[in-house]
Amino acid sequence: MREVAVIGIGLTKFGELWNKSFRQLITEAGSKAILDSGIEGKDIDAMYIGSMSSGRFIGQEHIGALVADASGFSHMHIPATRVEGACASGGLAVRQGYLSIVSGVNDVVVIGGIEKMNDVGGVSATETLATAADQEWEAFFGATFPALYAMIAKRHMHKYKTTKEQLAQVAVKNHANGAKNPNAQYRREIPIEMVLNASPVATPLGLFDCSPVSDGSAAIVMCAADIAKKYKDNPVKIIGSGQGSDTLPLHGRRDICTLDATVHAAKKAYKQANIKPSDVDLAEVHDCFTIAEICAIEDLGFVKKGEGGKAIDRKITTLDGTIPVNTSGGLKSKGHPVGATGVAQVVEIVQQLRGEADRRQVKNAKIGLAHNVGGSGATSVVHIMEAM
Amino acid sequence: MKDIGIISYGSYIPRYRIKVDEIAKVWGKDGKTISQGLGIYEKTVPGIDQDTATISVEAARAALNRCNINPKDIGAIYIGSESHPYAVKPTGTIVGEAIGATPDLMVADYEFACKAGTAAIQSCTALAKADMIKYGLAIGADTSQAAPGDALEFSASAGGAAFIIGKEKVIATINQTLSYTTDTPDFWRRAERKYPAHGGRFTGAPAYFKHVTNAAKNLMEKANTKPEDYNYAVFHQPNGKFPVKVAKMLGFTMDQIKQGLMAPYIGNTYSGASLVGLASVLDVAKPGDRIFLTSYGSGAGSDSFDMTITKEISNLKRKNAPFLSQMVNDKEYVDYGTYAKLTDLLFWE
Amino acid sequence: MKSNVARFWREIPQRYNLIGNKCNSCKKVYFPPREACPYCRRKSYGKMEEIKLNGKGKILTYSIIHVGPEAFEKQVPYPVAIVELDEGPRITTQIVDCDIKDVKIDMKVESTFRKIQEDGYTGALYYGYKFRPLRNKK
């Protein structure tokens, strides 16, 4: 099977970016990635754009065409496709681009992830995020998106004795990492008391257990592995790619505390890469809420089911731990412009594997994993990468 | 009409309560004095998610749980209320769907201030008597509103009761019923307005008392009965005083009215009032008991009934739904601020 | 013109009366009803049987929502829970008629008919199920 490498990465700052429009954000990230990659515009075979809900956030659909146009590629008529999988839109866009190269149809693709969430009011933004849940059978009855993860947390605490302190430590760790990330939305360490005493959103989750509403964009350039060195000295190969789906509503899952879509996607990716979870040196996981990170490290196989909380206590996922998780600051501290997240995770892994992660650098990082989830776990996509 | 009457019954009152004291405090009045004057100590308050439709469904389902009829055999549903959720789109269709009685069903909503529910019973009785329907469902329910600071604020409450009417396994025969009706403007609510208005003391002698006593006397004359013939008497209860006074005027005793007198602890449930009183009586009635019921609706009119409990009541599974005495004690108090939020007093557009 | 009414009207049998369906092959019960059983697949297509659920179940997990969507602002804080119904299906629903501090995992609950949402001050009213602690019928 043909192999794929990442040769360029680009990122905007994440945050409340009043001065930047949707078009400005995607073109900023896109240009950075293209300039970083060594390719020229004429080399691009296709674009895949991840954006969860541009329709509700900025009243605009037809994003593929919009991005191709804003990037200046319309006169070249480059195929441009928008991919959607709620919060996994970015990761899915990466996978679609990856599949198109593996299949032999494309040689060079640009993947963009973008979300502009602040143009609508806060109430509207949270209601739009809730469209990742089941509108008829969850949201209609009053369940909010944080409430779904809160219910996972409640059950996880009931079954595995996970504590609020362990949840809070995830936020503290991620903010400590984000403080070292110049593009992060929040670049300040926070004490655990701030997390524990934060105003409740949906018990047991408080304000600081939840990732923020953000604007931002991330982009990567991928090409067939055998031509990568033509463009870039230090390409990063995608050695495993997996995707899984599960019931839309949380109540339909086999086990409320397990995101089976992640387990499935990870298994596929590990198998393709021919590695075990313990071979992974660092991971960017989908911490839309602190509990999500705890479930992620279990579902990705880094620790046994139910041991996620204890793992946090043992500090194995800190920057200098045995499996650093979310060195970028995660969704919690880096920010979560929904469609951009999955692509931004790949950007972080690539930076780490190239040795360009500066103050966040994990020593001897050889294999990295990016994990992106949609909704309360109905979609999951995992990519494993290795420096070439 | 020996063989027509009530087959089953159900009632429902919301769990929230507010004390008269709590309301009085806000308006600078003395709660004790008001309670003593009105004969009401606390009233029910509907939750944000409750309205006449939800109360009617609870009462109707309770009635169905107590008997064995197939809801599809209900041929008519009439719901009387002053607070139908829609001015146009009947509560009856929502309830009909929720109890599985649709689609072969006659429905229309009723309004006649606090006696719309008893009017519904009269209609169902007539339809059953004419064999046009096998069973009819008559409901009186309200989430009545009163203007903040108005005297009615101490009594206007929420609740309702449902009665299945038919000819088979009748637990209470409706021996006689008649009405006494005139155009009397004692209490009204103009269309499009949120709260009712009333004529103060005019709501007494020329309104409530005139119509209740006339309907009652006419009924007893037609039925050839005297007050002593009845085990229970239920009157419309806008407060705890009017029914006591009219009972005395007509020759009924406190013993006869006390089981059906619910207002002191639940307030005035408007279209539900006399029907909730009747449900309270049915919770304890025994075969042979005779019941006298006279409702009152402003505008104005009274519906009077003479009923006899049959042996069949022993077969009714009354325990399959909560008794009013249980519901009265299952309560949670709210303060005035919460009451204002729940009853939409603070609404603006 | 108010849109959305058709969408919510279609689900009245589910929201008012918990009408689900059952696979005639493996007897598994589904709510809301499915076109076919995910496990028996084409064997069950066209052979699913309508069934009314009894409305009783127990709480598997819950959360007290303090930041609610606009339609539920007045009810905050309120509990939502995943309830496992007696017949097997699980649903997401609000818990009512009890103190929020008394909501517990494994609590037995029963369905009740309530107003779920209002489409503003002029739109339609949507009724449906909420769950309350199981009342002991004495």
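The first chain written gets the first letter, and so on, giving A, B and C; residue counts start at 1 in each chain.
Operating definition for what follows: contacts are C-beta pairs under 8 Å (C-beta built on N, C-alpha and C of every residue); 3 or more make two chains touch, one makes a residue touch a chain.
Here the structure is a predicted model, which is why all the values come from computation and not from measurement.
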Task: Chain-level touch network, classified as line, ring, star, complete or other - done: line
Open item on the list: Measuring between Cα centroids, which chain is at the maximum distance from subunit B?
Closed with: A
Task: Intercentroid distance (Cα basis), subunit C paired with subunit B, Å - done: 30
Task: Distance from subunit B to subunit A - Cα centre to Cα centre, in angstrom - done: 59
TODO: Indicate the residues of subunit C shared as contacts by at least two other chains.
DONE: 75, 94, 116, 130
Open item on the list: Going by the contact rule set out above, which residues of subunit C touch subunit A in the complex?
Closed with: 11, 32, 60-72, 75, 77-78, 80-82, 90-94, 105, 116-117, 126, 128-130
- [ ] Using the touch rule from the top, collect the residues of subunit C that touch subunit B in their complex.
- [x] 12, 16-17, 74-75, 94, 96-97, 99, 112-116, 121, 125, 127, 130, 135, 137-138
- [ ] Quick one: which bits of subunit B touch subunit C in the complex? Just the residue numbers, please.
- [x] 15, 47-51, 53-54, 57-58, 61, 85-86, 94, 97-98, 100, 319-322, 326, 332, 341, 349
Task: Touch list for subunit A against partner subunit C, complex - done: 123, 126-127, 130, 134, 136-144, 146-147, 150-155, 158, 199-205, 249-252, 256
